[in-house]
Amino acid sequence: MTGTTTKSTQMIRFLGFVSLLCGVLIVGAHVASQSRIRVNQEEILRESLAQLLPGMTRQVIYIVTPTGELTPAASGESSDKRIFAGFDAGGKFLGVVLEASERGYADVISAMYAYSPASKTITGFSVLEMKETPGLGNKIGSDPEFLANFKALDTTHPVAAVKHGKKTNPWEIDAISGATISSRAVGRMLAASVQEMAPIIARHRDRIERGN
Amino acid sequence: MKETAPNPFINGLWRQNPTFVQILGMCPTLAITNSVQNAIAMGLATAFVLICSNGLIAAIRKHVPKQVRIATYIAIIATAVTVTDYLVKAISISVYKALGPFIPLIVANCLVLERAEGFAAKKPVIPSMMDGAGMGLGFAFGLTCLGTVREVLGAGTFLGIHLFGPNFEPWVLFLLPPGGFISLAIWLLIFASYRERKDRRERARAALLTVQPAEAQS
Amino acid sequence: MSGTTIIEVRTSPHLHGPMTVETIMRHVIYALLPIAAFFSWHFGLSAALLLAVTTAGCVLAEHTACRLSGKRSTVNDYSAAITGLLLGLTLPPGLPLWMAVVGCLVAILPGKLLFGGLGSNVFNPALVGRAFLQAAFPVAVTNYTPGLAANRFVEFIPSTWAVPLMKPAPLNDWLAKVAVDGFTGATPLAMQKFDHIYSELGPLLWGLGPGSLPGCLILLCGAYLVARGMMDWRITASMIAGAAATGGIFHLVNPALYPDPVWVVFTGGLLLGATFMATDPVASPVTPRGMWIYGLLMGVLTVLIRNLGGLPEGVMYAILFGNALSPLIDRLTPPRPYGARKAQVPQ
Amino acid sequence: MNFFGAERFFGPKRLWRGIHVPEHKEQTAHLPIRRLPFPPLLIVPLSQHAGKPAKAIVHEGQEVVRGEPIAEADGLMSVPMHAPATGRVERIAPAPSAKGELTPAIYIRPYPGASQEVLYGAEQNIDQMTPAQVVAAVQATGVVGLGGAAFPTHVKLKVPEGKKIDTVVVNGCECEPYLTTDHRVMVEYPRQVLHGARIAMRAVGADRAVVGVEDNKPDALAALRAANGDRPGILIEAVAAKYPQGAEKMLVKVLLGREIPSGGLPADVGLAVFNVATLAQIGELLPHRQGLIERVVTIAGPAVRKPGNYLIPLGTPLRWALEQAGCTDQAVSVVLGGPMMGAAVGSFDIPLTKGVTGVLVLAKGGANGEAHVFPCIHCAACVNVCPLQLDPSHLGLLARKDRYEEMETVYHLNDCFECGCCSYVCPAHIPLVQYFRVAKQMNRERKARS
Amino acid sequence: MNESLGHIFVDAFLINNFVLCVFLGMCSFLGLSSKVSTAWRMGVSVIFVITVSAILSYGTNLILVAFHAEYLRLITYIVIIAATVQLTEMFIKKKSPELFRELGIYLPLITTNCAVLAVPLFQTARGYNLLQSTVFALAASGGYCMAMVLLALVRERTELSDVPSLARGTALTLVLASILSMAFMGFAGMGGGG
Amino acid sequence: MTEFLIAGGIMGAMGATLAAVLAFADKKLYVYEDPRIDEVEGLLPKANCGACGCAGCRAFAEKAVKGEIAPGKCTVNSPEGVAAVAALLQIDAGTEERRVARLACAGGPHVARHRALYVGLPTCRAAALVNGGAKGCSWGCLGLGDCERVCSFQAIRMSGHSLPVVSESLCTACGDCVEVCPKQLFSLHAVSHRLWVACRNLADGAQAEADCEVACTACGRCAVDAPGGLIQIVNNLAVIDYGRNSLASPVPTQRCPTGAIVWFEKDQGPLRGPEAKRITRQSPLPVRAADLPTQRATSSYEGMHL
């Protein structure tokens, strides 16, 4: 082979063929694993919802249109703004779960929280994705003391985080010591999200609670 | 002359260890090793890709035109990686989440292409797969070493088991980027001092064996 | 001498000036002592112990490492002691001593000796140690206790004695006992940044806020070194100028959010950094123009990090960044040799 | 201390960089020039100057008269030698030199009791000579730069093709510590200095001369000013004392604000620079068509018994001169020239030549004491004092790693004139100048090889 | 997401610097940073390759989305990168053989520089438009180039000192990188927060 | 199924397009480089020592492929390596006799006097610039080991008497020591040049011996013992004419009184003749007590040796 230039057509044919083969292989893997992956993803979603709304077995997903209307969404598809309504085995409405995100210490924190339209409180909080400092900022997803803030966080007043040990009002979040920035980001995130979503939910409360 | 490597498997595992000797595949080495579990998973995923791609490339090595060889190898590697990606996703979403964006980046792990070019392109299928396995496991070994330092110091745990009790003050740094660099440096220093001590011993032995060159003997 | 003098041949110059590295370093220590004394007086026993531990830790680390590698110990050039003192001065007084020791080891081993010892390190060793601690133990390192507590000469801050590798016990009880009113544990900078509470400027000049050292005393000690020709004033001056100017611009844009230049200069570690750390000759440029650029850059960066970043304090990062850039600055600002048409930038 | 450099703006003209060195001139500055007796044997090397060695024109056993030429110039870059004493040529053979190698020399044994009077020479009228004739006459005197470089003076008097010289600069700075030869020459022979300056002005066609004298020699300034009176053409200027103001590049910058281009000559900026002693010799010798046979040498230093300025016949062995002045047993090294630039010698059998401005005997435990060399701490002291605005710090670091080529191409090594300021101030006691000398030598050899 | 261009730039250049904070492109960062001249040439080559391949991948992605063949992203991106690199390599070899010799084995390895692949993947994941993608590519590769040059500068400086034999080589480089990365932590949170 | 078609279509099309682009670029931008250069380079020892006279191993490989230099010119390569290169290029190996560096001085401080104490940078280069070094013999080795430091092959080791000792097996004749020595004491010689004058002192016999006990005093005995013209006395020094090396034998060393002329036996270093002075001293000679004129005593002047 040394020194001889390979014919161009041969190169084209070879690479074309290899690529084609690769493409087919990949599609094969894609098709073969697709259903399993979907099941997995739904499982994950349900688990995280169930964590926020204990006892939940069924969820209904709505997409919020830009005009503030709701349309039901096929499960598993991600889109802009979603509302998950959760029901227990007996079909009882448990509350809604909303998504929110905000810039934290290192990067955007995205999270889900449970909201009770009846009591106008936040009843649960879990982080989906963050790059906060491990051992510090990332405690917002794991620190029991911090998560205890979200047992019944009043939203009638704008939510805000205050320094550790300084919580006095029901709408305040007691920040994690040493991670005030991340904690405040959570506060801002919830405040903004509730401010936007609460009226929409209030408007469609009946429909959501009915689950259609 | 190319040294006659006795066994491509051992070669990759120790003598030519990709992490500590060749310093290849550094991105996952540094990025994924903040827990031992991630390190092992990433190492195994890479080993799997290496075995597949080395085998495939060795199989077609005789037919590849020189000018498109890189593109071909890369396409094959990418296929192997995409397949792995789907596999991991199908097996466990939580592992997939931990390895994050780094599985697709196995494609670009220099180690994989280096082995394709440096070994699989020249050798038959079986030794190539052996080499892939050796390198891959060597890589996994390297990652685990690093992961151990980082997890033990950074979180006080090993594979999630608490080692020092609940009051341990974690060294957050080791979970952060600088800690990755430092941990690898620590391992390299350990190996270097080991090698230096060995060298010194060998030199001392050699000095005993050689006759001192005579200086103007009378 | 019985007339059998052995004559020596040497190269010119046959005279030498009075300065030696050892004298310079010794005088830097003299200049740091008043500051260390203030620190100990202000925070009490724990602070004094912290300084003693960091200084001894650095000196011992260097001595032992030299001996282990079979070299002559280099501690008698006093530079390790400076590193220790400065490291101690940048740490909160109640820091667990085991963490301080970790800081010393990091400052001296990877920060200095790994590069080849005195003169070879690229980064300021004390700041390498401090940056390591800050990243490893961010909570402990930003946790300031109140100064001037009544019992400061009688008892240690409890966290000082934390068990190695373990968390220090919470300070709440102790704080309640010393009963300092309205103490928040935050430095003036952190309070300004996160809570927009301005401390009064007056006490800051005299170093009476938590976590801050007396600006005027630091400047005075620096002036002593400058007067003895042992320190370059250009870096200090340009760093302060850079910080003040940048701070001024921010202040003009949004006076409510950003503090005024005087406040900027006298808070945090800026003066200590500009006077004793940015000027560490080893890690700073040698060319005259380079020094100006270096100082300005660090001043500007400090304020940018403070005002825009997530951290209240930026001096340490600014100086480390400046250290990294100093080889580049040296290259880009060669002095114009006598008789050359223009300075040539080496490739 | 030099706080903000404010003193730059007051007082006489001064050098910006450079250093203040303890002067130690009080030891000899007040002592008039005295003659030294002839040694039993004189050794006159054929190469006492920069350039080609002279060619001997005497043979062994020949009798010579004091002042008589004994060697002739070999081409333009060379000067003749004259017999320093009346006596007999004992042999023509290699002799040790200050560089350490053997160089050919004429050994003359003076007759015992020979007179110090110069019997050789004839009057000549300079005013009627063309510049070219003046240059030739200067060459015949064998005068070379007595400021230390020993560069043949007539070469400097010959204006290069296409250049014009407007000013003669007379260098009376003598910035080196201990040395007072130029000082005494200016005090005792001001008329000769000025006469020499006028000869130089004529030769190069300049209508102006500037004499630069450091302000630590007020008596020299006074003597020159008195001798000059109010004759125009020669300006006598005081400059603030600082080392190395005497280097021509510095002096020219301080006095006239001109910078000699890197690698260039004073003629490139319309100047010619001469040492006062050089001009004094020309002013003295040229009218009588005599040759250079002796020079003033300062013998000083902490370990000298009888320091002073001695008029020494060229070729006097160092040992003789030292025996006349006497050393204490504190002596530990002997330096030819000033302490900043002079070379230490390891042998006393070498002769004193035209370029030797002083002999210093340094004592134990002086500033020259043993010191621990630290690593460079980048303190920039050297950068701040280097009069040529180089970067000795980087040069030193590169030299340690044998990166000689880079020193030359990137850091202007060849501009360094080895003044020693950087080594003097370096707190780490790094022998920077020695590094630079080695580097230059290695570069020269590398170039010669390729 | 609707991030401003300035924010994208600062984020990718400083705050989440590809090399020092995200660990991408490590191998060449550690391997090619011993000389400033090599480092910055490599940096510029990477800027070129990343920017070109980011734009090409953007187009490719449009096609893939149109055909609902997103699963082919990885392979198409990497093959495009490989081709770009190979073209660059041929070009450099033709125009500047000595640069080619200097970059030596690392030129083909740009292909396997994770940073190069990461840019198209990230830009797709974050849904950047063409302009945002280009800015992102420039910032990320510029950040890579800057980190490379910084490391090379400090490494060149250590060459003038007597580094203990134990640490000579990669260990020292890693320590330098780690301190640099600590210094970069100062920029963390610059994007928002407090 | 459509998925397979689409994927196959996209990938096939892309592969073909890129291959076409590459093929086109390959035609336009192709630079021919003999692949054998890489292969030869792979067979070289990569010492980049320059002993072959080329700027590094790759330059050697380029020249070797072009046939401008024989593979054997790389003296560092093992014989098998040379043979492999030759076989690859299908040419003659072209062997060259191995050369080694030889030192023309044997005057360690235990036999050669120093006239002063040198204080300064501990390198020969630096010492030589101060008054030619402090050694009495101004031609001799300064013993500060520049050659040892510069040798990249660890072939030079300073002996207990501060004299460099060259290992015949390690030396690659790269010439670095020849260049670095300020006294030019090294030269490269074929290993078969075994008769050797280990001195450069040009001073006359008495002076030379006063400076160094093992100096060549130009007594001429070796010249008399050597067959026709092999050794001549030039400028107070014995000089060997290596053009007549075939005549050389250890005989001329037999009667040398100082042992300045030696015979290199392989792996035994330099051997002196039986009549050479026995040197039992191990410690350095004292630096000559300087006759520094500490008194004003004109009479001591007769001590001047001229």
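Lettered A, B, C, D, E and F in written order, each chain numbered from 1.
One rule holds for everything that comes next: a contact is a pair of C-beta atoms (placed from the backbone, for glycine too) under 8 Å apart; a residue touches a chain by one contact, two chains touch by 3 or more.
Just so it is clear, the model here is predicted, and its values are computed rather than measured.
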| item | value |
| --- | --- |
| Any chain that touches chain F and chain C | A, B, D, E |
| Contact-graph separation of chain A and chain C, given in steps at minimum | 1 |
| Of D-E and A-B, pair with higher C-beta contact tally | A-B |
| Per Cα centroids, the chain farthest from chain F | A |
| Farthest chain relative to chain B (centres taken as mean CA coordinates) | D |
| Whole-Å gap between the CA centroids of chain A and chain F | 74 |
| Euclidean distance of C-alpha centroids - chain D vs chain F, Å | 40 |
| Chain centre separation in whole Å, for chain F relative to chain E (CA means) | 46 |
| Rounded Å distance, chain B centre to chain F centre (Cα mean) | 43 |
| Multi-chain contact residues (two or more partners), chain C | 3, 5-11, 110, 116-117, 119-120, 132, 135, 138, 194, 310, 347 |
| Junction residues of chain F, two or more chains touched | 3, 7, 10-11, 14-15, 18-19, 22-23, 26, 30, 116, 118-121, 126, 129-131, 134, 290, 292, 294-295 |
| Sequence positions of chain E contacting 2 or more other chains | 71-72, 75, 79, 83, 86, 161-162, 167, 171-172, 175, 178-179, 182, 184-185, 188-189, 192-194 |
| Which pairs of chains touch, using the document's own definition | A-B, A-C, A-E, A-F, B-C, B-E, B-F, C-D, C-E, C-F, D-E, D-F, E-F |
| Touching residues (chain side chain D, partner chain C) in the complex | 1-3, 19, 21-22, 177, 249, 253, 259-264, 329, 331-335, 337, 339-346, 360, 362, 367-368, 371-372, 374-381, 383-384, 386-391, 393-394, 410-412, 415, 418, 420, 423-425, 427-429, 431, 433-434, 437 |
| Chain B residues within the chain F interface of the complex | 1-2, 67-68, 71, 75, 211, 213-218 |
| Complex interface listing, chain E residues touching chain F | 60, 63-64, 67-69, 71-72, 75-76, 79-80, 83, 86-87, 90-91, 93-94, 97, 101 |
| Chain E residues touching chain D - in the complex, by the definition given at the top | 159-162 |
| Contacting residues of chain C [partner chain A, same complex] | 138-139, 142, 184, 194-195, 310 |
